[in-house]
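Below, subunit A partners subunit B and then partners subunit C, in two separate complexes.
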Partner chain A sequence: MSIIDKLKNLGGKGMDVKISAELENLMKDKGIKKEEVQEIINKAESSGNKLKSTDGELCIAKGEFENLTVYAMYSASELKDVYTHKMKILGLTGGELADADYDDESDWVCAKTGEPALERNVDMNYMGVTRPGPGIVCPNGSDFYVSPGVAKTLTTAESVLEEKRA
Partner chain B sequence: MPAEDYAPIDQNWLGEAASLWTTPWVDKPSERVIVDPIILSHAATVFKKSVGYFYQNPEEAMRMVCHTCEMYDITPVGHYLFADYWGADYGAEIKWQTNSPPSISNRPIKNAEDVDSFEVLPPEELAKGPTFSTHFRALDTCLKEYPSMFAPVTQLGGSMEVLTNWAAIEDVFMWMITEPELVDTLCSRAVEHMVNASTVTTDKYGLNVMITGSVVASGDLMDREQIKRFSYQPVSRAVKKVLNAGVGPGIYYHLCGNHYDDYDLWRNAPMSPFSIVQIGYDGQDIFPTSKLIENFGDRCTCFGTVDTKLVDRGTPAQVYAQAKEQVLAGKDSPRGFILGTSCECPTTAPPINVHTMVKAARDHGKYEKF
Partner chain C sequence: METLKTVKSLCPECLEKIEGIKYVEDGKVYLKKECNIHGSFTTLISRDVEHYIQMEECFDVDRAKAREPLTDTVHGCPFDCGLCPSHKQDTCLAVVEITDRCNMKCTYCFANSSMDASLDPDMDTIRTMFETVKKCQNEPTCIQISGGEPTLRDDLPEIISMGKQVGITHIELNTNGVRIAGDQDYFDRIASAGLDAIYLGFDGVSDDVYLQRTGRKLFDVKKEVINKCEKAGIGVVLVPLVAGNYNLHEVGRIIDFAASRVPTVRGVHFQPVFYSGRSPDDMEGKVTILDLLEEIEKQTSGQLKVTNFTPSLMPHAHCGATCLTLIENDGYLPLTNISLGAAKSASDVASKTKKSIMGRWKGLEKDKEAKSSCGDLLVKSSCCEKPLSDLTVKGSCCEKPLTDVLPEKSGSKLANGWADFIEMSKNTYLTISAMAFQDVWSYEQDRIENCCIHVVTQDGRFIPFCNYNMTSCNGQFMYRTAAE
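Let's look at the complex of A and B:
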């Protein structure tokens, strides 16, 4: 049974995912509450605005707050990862989804349309500075995500900006 | 010369230069465009040493570069690197030469069969290898003695540069025609190597500035489709992997040589918030900064160039005229601008020509956008 089928079986009650002690500590360190993550997942499940892994086993949901974007990576039963960035994604770099001339298919599918999500540059703003970054983009160009690794890269970039813009 | 033989770096200069250097990356206002003539073995000339001495003494090379930066009033970042990185890690012989940078011979891949059995070194092995051992001697010197001038750079080049340090360039070009799938395989190995090397630098220093792009893969040697297949696509894969592995965030696209036929491909190359694009030539001419800004100005920091031939053999008046034209075209680029040279500053370039580039930036590179 795929994650989507399992979620359908929940009958719209929303998910109640298991969280490991290690991940719970990580969330505490980041100041993220379990209930907030739960809310992000529930919203993604009800709206369909999320990424699904190509093997159907994992999903990524995101919640955008004023100064922070929070991502939850989860399976049908367990929260696998929570990661964040402060840079705000504004949209596609260059404004349109032009042909990239390289293999830009990501390991993710946009759950709403079933189309493969693409790895493309997106403009990100932080502390008044707008620059590109590698995003995961739904082909309709309306929904943007980043991978856990890119979130790590962005954390480094944010630190540099905080130091240099101070 | 040991560290104590150098005069201390002027901290006032360093503060001002750092301010100029910061602007193109984070839009923090400063007075004018910074100049980066990519000083490497030119610093040896300044100190009346040979190129061979420079490269065989990475600690001193770093000191010479840092003090040359101060002397010229240019980008306050210490560098040490050369083109033939990574071959020696895989068994090639490195030859230290008196009057030119090190070169390699006896490359490990000698025929098509060697390609299949060629294995990329994991990060822990690369970290102990000859390239990083030498490179880190220079970077550690910078971090210890000139911490404000430190940048954790990994010199990779593009896929074609990496794989032609593993196999002879004439073999690679022959395979591009007779057995292109073999070159595809080598490109995949190069991508893996680039990610592993970036991981090593990040593990050591916490972040990484990846110098990549395309030098061998230029319009003088390859056509657009070859560049796309063997350079642009594998380099893009490598950058995506590096950023997805969290081992960035600096990406320096150094498109050396003539890119009249492929420059537009790179508009959509994967980028991070600290990305810069430099393109050397548009056919036989220096790549116009106006064209650079038109294509990349709304994307990333742009590196406009003055022809290294001019810096090496031109008159100061010629250098000044070209630097003026380029800096006027680029200075207010929306995502930052640096004025530099089309490639490394020639070893024996007249110092007056490097100074003249800075003079042009002082005279004509004042920001109007802030």
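Let's look at the complex of A and C:
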């Protein structure tokens, strides 16, 4: 059974894709439904717009909603992580994909082209404030992802910005 | 001429209640009112109707009434203050004046100073005032000890201790700082009595300004107070009175100075001059909130813009404006912006203002100690409503501690502007606010009915601050003398 078929069964009888209790609670806290994650993964699998780890074990799919970007990290048998940010990624800091003066190759490959994804700064905007943050960027210069760790930083920064209006 | 609304106001001559209209002419907002006996009066309220209306649209607060009224409604607002049952807003800050005496003779002052120590309220009277606050204000209780100059009282440490014994949650001291700068022992005693914050008169960063208002060079005095507070872990709010012909030209430098003394300095609270007490009659120094904000924009080279100021969590959209900014490499990163619209309120205006006073304006060291007493308030409606310093230092229930959220890969050459942003929000932020007190010309009853800053009288009543200090244009007080 493919990952898609397995994920289609999420929440249904006979589910054999594992989701840890911890991750289920986390998704509940964030208000994210299993079906939504399934849809994100379905789309990524059919379009090929996803990141694949260099060892081929993991994938990251991304879904963009009006005020939220949702990432699903999954293996063939298990949904590993779901993480989000409210910030909008505007694009590459500096505007274009110039050569980096450091080893910018990430642990991820852009599945569609098979090229290594690059670690580059992207500008992100939330509540009127724009700042750069580390992104994982496909060499086509238009597909942007963030890691779970960076997403946590972004969520904290979002809370700080929201607090000012409380 | 376009009429905005009809308002209830006062005659500047006789303080009788009269009606007025707010209207727009040439893009400016005016208040015009007419007394049957003393004729017609027109006052400029704002130079820009668009900004005026934008502030109203951005203002959205819930309200909670005081725990219990202390007077009856007999003559109608504003003549029954105490608070009367028709008052719409609980107290956010209770001002307790412990003396009329002062060691300054300032050109501008709303207080009515004398040098007669026998008129000072005794300890029993002050205890009654504190107990009145405890009885009427919803928890937690916030007071400002004021005067006159409260540090003229040798028993101020005992007064602060008594306030804490009565159970007042937050006590701040309104002072010119002269005694504190020169008397270490006295300062140590008020600090150890439990003082939470100092509200320091601070009109400028040059002695010229102080010489003009007080005849004394005071800039070094102000700096020394901040030094002492830094050592003691007590937060300081700088409070400049602002007038056009006085210090309006250095408001940007005041903010820059404050930024250089963060985190001991937690905020700058500008008070544009209003016309009460011994203020001049000619009004030539009058500054509106917008005038002030435009000067701040100009003098900070556009880093802090007029649009970064949103209505303060105060009784009314036009009572004040506030900007919260981070300080980055000697520049500013303002967090607030009027274009983001009205904040959705989760708790009433007094609770929010108290949270702001207690959370943002007290010392960092005090923040830590205050967790047990203020924690309930600070986390009242959501764990995310903690002060910035708490949210990010401690790692609230919303988020994991900062150490957990920094980028995974060490040695990465990528800048993480958002991690820096979080780091800055721990210690390097400043609240800049401006409060527009009402004078007899600009008076609107609607603002008074919703007022949350109340002076506690010696006979145990609450008078909204602007009413308490309101005088006719002839210097006749509406409440202050009658209250004592």
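By definition in this document, the second predicted complex is superposed on the first by the 146 of 166 C-alpha atoms of A that agree within 3 Å, B and C clash if a C-alpha of one lies under 4 Å from a C-alpha of the other, contacts with A are read in each partner's own complex, and residues count from 1 in each chain.
Everything below uses one rule, namely that a contact is a pair of C-beta atoms (placed from the backbone, for glycine too) under 8 Å apart; a residue touches a chain by one contact, two chains touch by 3 or more.
Here the structure is a predicted model, which is why all the values come from computation and not from measurement.
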item: Fit or clash between subunit C and subunit B when superposed on subunit A; value: clash
item: Partner chain in contact with A:C110 - subunit B first, subunit C second, else both or neither; value: neither
item: Contacts of A:L154 with subunit B and subunit C, given as first, second, both or neither; value: both
item: Which of subunit B and subunit C A:G94 touches, first, second, both or neither; value: first
item: Partner chain in contact with A:V70 - subunit B first, subunit C second, else both or neither; value: neither
item: Which superposed partner A:I32 touches (first subunit B, second subunit C, both, neither); value: neither
item: Clashing subunit B stretch [against subunit C; choices 93-101, 147-155, 165-173 or 309-317]; value: 147-155
item: Doubly contacted subunit A residues - partners subunit C and subunit B; value: 93, 100-102, 119-121, 124, 127-129, 131-134, 147-150, 152-154, 156-157, 160-161, 164-165
item: For the subunit B and subunit A complex, residues of the former touching the latter; value: 22, 25-28, 206-207, 228, 232-233, 236-237, 240, 243-249, 265, 267-268, 270-275, 298-300, 335
item: Subunit B-facing residues of subunit A, complex; value: 87, 93-94, 98-103, 119-121, 124, 126-134, 147-154, 156-157, 160-161, 164-165
item: Residues of subunit A defined as touching subunit C within the complex; value: 93, 100-102, 119-121, 124, 127-129, 131-134, 147-150, 152-157, 159-166
item: List of subunit C residues in touch with subunit A within their complex; value: 324, 333, 335-337, 339-340, 343-344, 346, 352, 382, 384-388, 391-392, 396, 398-400, 402, 404-409, 412-422, 425
